[in-house]
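Chain IDs A, B, C and D follow the sequence of writing; residue 1 opens each chain.
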């Protein structure tokens, strides 16, 4: 659907250095949304008719509250579009298309492991919420630059969920020093022995997701990955956002991040060609 | 000069129907400005890098306060650019070039008659102030759509100057019904008999200025007119804003509204070709 | 005030209204239905097809430019057979006119596509894309050489009983010459314009942004060029014109109609505002009603008077 | 960190830095001095001149478009004699290199202009505008036909001892072919690009906005087309390129350098930000310094590697 979402909250998230923002918009998108889906948002108030920047920006749903008719977007100021978006004031109306794409799927039982790096964490929170509501066990592996980043990007909210959290930072300022995949591997190893039923959902830098997928394939754990690509239409009409996958027959095919994704089965992704 | 003028006041002027705004900007432009000059203003806060709309908008100086380092712009929301401008909030910074062009000149003695229609009134207020400060007698002829317009566009400020004011409205709701030139002609006729020394300054719709110029020529009264043209550079470099004039030898020549004007001697203007 | 008449004749087909969507920006008709009901459109132009399936170019395929969009999709499409088998049955059921867009790398390609697509396919017309700038071999050739353009159109025309629309490239010195050539070839209508060839460089990576280096520029940025070409061709060539290139608002659409387009088509504008077609229809309606035009047809070419 | 070397060689002239301003957007050098000191520029290109004085087109001459500007000034200029008499003495005194821009309606016009402007005039070079799209007769012709372009450049080259820069029109099917032609004619450098031919219609008046109907499109909107042409010509033709078309920020300037321009030129960008040249120089400097480029020359064409 297309809504004129009214800005309810728009604030800095954590340290200003991290350039993160939290944007809460009022509108009926929440009613039908699920974790892993995204919106395509126009970065200027719709009452300003400017065609520069021209395109909407894809941002994941980081919070879905159907009771309050609100969605939460968490984003990093990256370039021109997000810089302009960051100037939206409470009461401004932003044109938002969504919910778009297909979200993550939840296993019927067992454990859901969330593995993420950087701001790839954002779409995972509503996923954790749904999984917990459904009685699943949830575990988080999260790697970031440093302590300031992890704290800015919402660590305390995650701690509030009461799930096991495995942190890592590049500089060792919080959690283990190094990559998130080190701890993931350790725990996959343990569980391979104990034989617990696990599914992994991952979102973050491409290299990380590729490594996570490789590990999961090694340990025969199903993994869903959330991909990014530049978008035109955001509904599957322009073929701008394709990723290369292999189908069951092993043939290379294209699927659209906006419509068929952004979540795909890890084993299908042809990493060096996609994104 | 080029300044980042900070928005000090930005408010509706009178009836919302009239779509008029008052914008006061802080910055050193006032120091060197005189009545009849204008600025070229970027309509969005300079921190938003958008090239649509691309060009600056020319707006006359409607108030010049060198003590407070402030200029006042009065404008009508006309199209896209002024609509976006109207969204600037107190504290926003707008990029402003100015003061631009050559202003009105003041006679050494005698009477200065201001003849104007619609929002052509805006640049005349600082002119009246300067003239009064210099001890000249000032008289205003002002025609507008209706009472609501005249009151919205600042009638009470003008009344505060304590000068004779001749109003006319198209619907007769205030002053005389009809065109401003009717009263002008009556008074010119009277003065032609009494022989007082008069200069006329006019700004407003082209047709009105042409009629005013014709009357002034009839009565041998010098008249300065303030012209408008679409602008590119606003400094005389692009030749976008030319008007056709006749020089002393009667040859058709072009002058630039932005640099040579916007104020020209009425008798020089070739009306059917300019603007 | 009686309602404004929107029905439009184009190359022998009757359209509900003079509003289409552009090839390559509206998929095969199913993607935008949640935002814009197809029955509100005069018709849609389908994504370009080629004889064989194509995966198109690698990503990135898109780059945003000032008021514009560069795309280098590279004609990704399921190919003729799959189109006929899997897409055409659905396309036939669409509640609006569907125009197929065909592309080729040789005269034979065009002939093969035209032969397979006849009136009984349920399509309303064939738009012949002789202008896609993204494909490295061929493509550009037909669209920039009048002689080849004429031949392609004549060949297509000989093979199909569907009305044939020639879609022209703006990347030419003489658009009127191209239009005359395809008229000689037998075109029933013209689509103006395809994208301008452009590119963008990523100054951080010091490489072209698009994997394909070059892409086609669309969107509001190119509107002045598109309006100019519609204007020139309207003056010189007696064929109905489908105007496109940057149409995003109803004012844009009216501008194209006044310039001489019988029909207008929305491409990149859909990405900006997926309800653009609806807003444009309403805007045209109000524009006509307020000025006393009984029919949208009365606007066509009016700015030439 | 040692300072970045900005000196640039172009067609035998040494420029303080690779930043010029475009013909027609910077008058004869005196208009912008309050915003941008001329000694900070590599040079300025003067408003185009013709043998006889011209009043140019009626107003409106300008129309704003999405991220672009249409102009139809129509080569208003004082004419050769008045230029030599009243402007040249001042131009000689300018604290930066001055390039004259010459336009004509016949080969003889160009010859006459070139003959009058030699090294002893104090000019740094002649830019030959074979591309102004605003003039109804001629103008367009030289700029879109390779043969004529070559002849004009050869004729100019034969008459003057100044370096000759050929300024090409983007309104052609094959920009590389045009570049090759003027190289054969003896051009010492190329200016790429002039404006794209466009127009706008006022939907209220139902008439073209510009009195001249057509105008030249400049500004950020055309940047992707300009970068593409610079890229293509850099690959195919061994002549230094002055890149222009939409440069407004330092990022734009770097984009043109990476695409293959030896020098960049700011036109419409000055209108948007009269201090654009200063900001661009600072930006290029920081870009080079941060990435360890000792000279701006190291950036030229780098994105081709």
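Assume contacts are C-beta pairs under 8 Å (C-beta built on N, C-alpha and C of every residue); 3 or more make two chains touch, one makes a residue touch a chain.
Since this is a predicted model, take the numbers as computed values, not measurements.
**Student:** In contact with chain B and with chain D at once: which chains are those? Just list them.
**Tutor:** Per touch definition, common to chain B and chain D: A, C.
**Student:** From the centre of chain B, which chain's CA centre is farthest?
**Tutor:** If we average the C-alpha coordinates per chain, A ends up farthest from chain B.
**Student:** Given the two chain pairs A-D and A-C, which is bridged by the higher number of C-beta pairs in contact?
**Tutor:** Between the two chain pairs, A-C has more contacting C-beta pairs.
**Student:** Centre to centre, by mean C-alpha position, how many angstrom separate chain C and chain D?
**Tutor:** Going by mean C-alpha positions, chain C sits 34 Å from chain D.
**Student:** If you average the CA atoms of chain A and of chain D, how far apart do the two points sit, in angstrom?
**Tutor:** 47
**Student:** From the mean C-alpha coordinate of chain A to that of chain C, what's the distance rounded to whole Å?
**Tutor:** 36
**Student:** Quick check: how many Å separate the C-alpha centres of chain A and chain B?
**Tutor:** That pair's centroid distance is 55 Å.
**Student:** Residues of chain A touching 2+ other chains?
**Tutor:** Touching at least two other chains: 49, 51-53.
**Student:** In chain C, what residues contact two or more other chains?
**Tutor:** Residue numbers touching two or more other chains: 65-68, 219-221.
**Student:** Among line, ring, star, complete and other, which one matches the pattern of chain touches?
**Tutor:** Contact map by chain: complete.
**Student:** Where on chain B is chain D touching in the complex?
**Tutor:** Listed in rising order, the residues of chain B that touch chain D are 1-2, 42, 49, 51-56, 95, 97, 229-244, 252-254, 259, 273-275.
**Student:** Quick check: in the complex, which residue numbers of chain D touch chain A?
**Tutor:** These residues of chain D touch chain A: 66-67, 220.
**Student:** Once bound in the complex, which stretches of chain A touch chain B?
**Tutor:** It comes out as residues 44-45, 47-53, 80, 83-84, 87, 89.
**Student:** Residues of chain D touching chain C in their complex?
**Tutor:** Listed in rising order, the residues of chain D that touch chain C are 65-68, 70, 144, 171-174, 196-201, 203, 206-208, 213-215, 217, 219-225, 227-228, 231, 246, 251, 254-255, 258-259, 287, 302-303, 305.
**Student:** Can you list the residues on chain C that touch chain A in the complex?
**Tutor:** For chain C paired with chain A, touching residues are 24-27, 31-32, 34-35, 47, 55-56, 58-69, 71, 73, 76, 219-221, 248-249, 268, 270-275.
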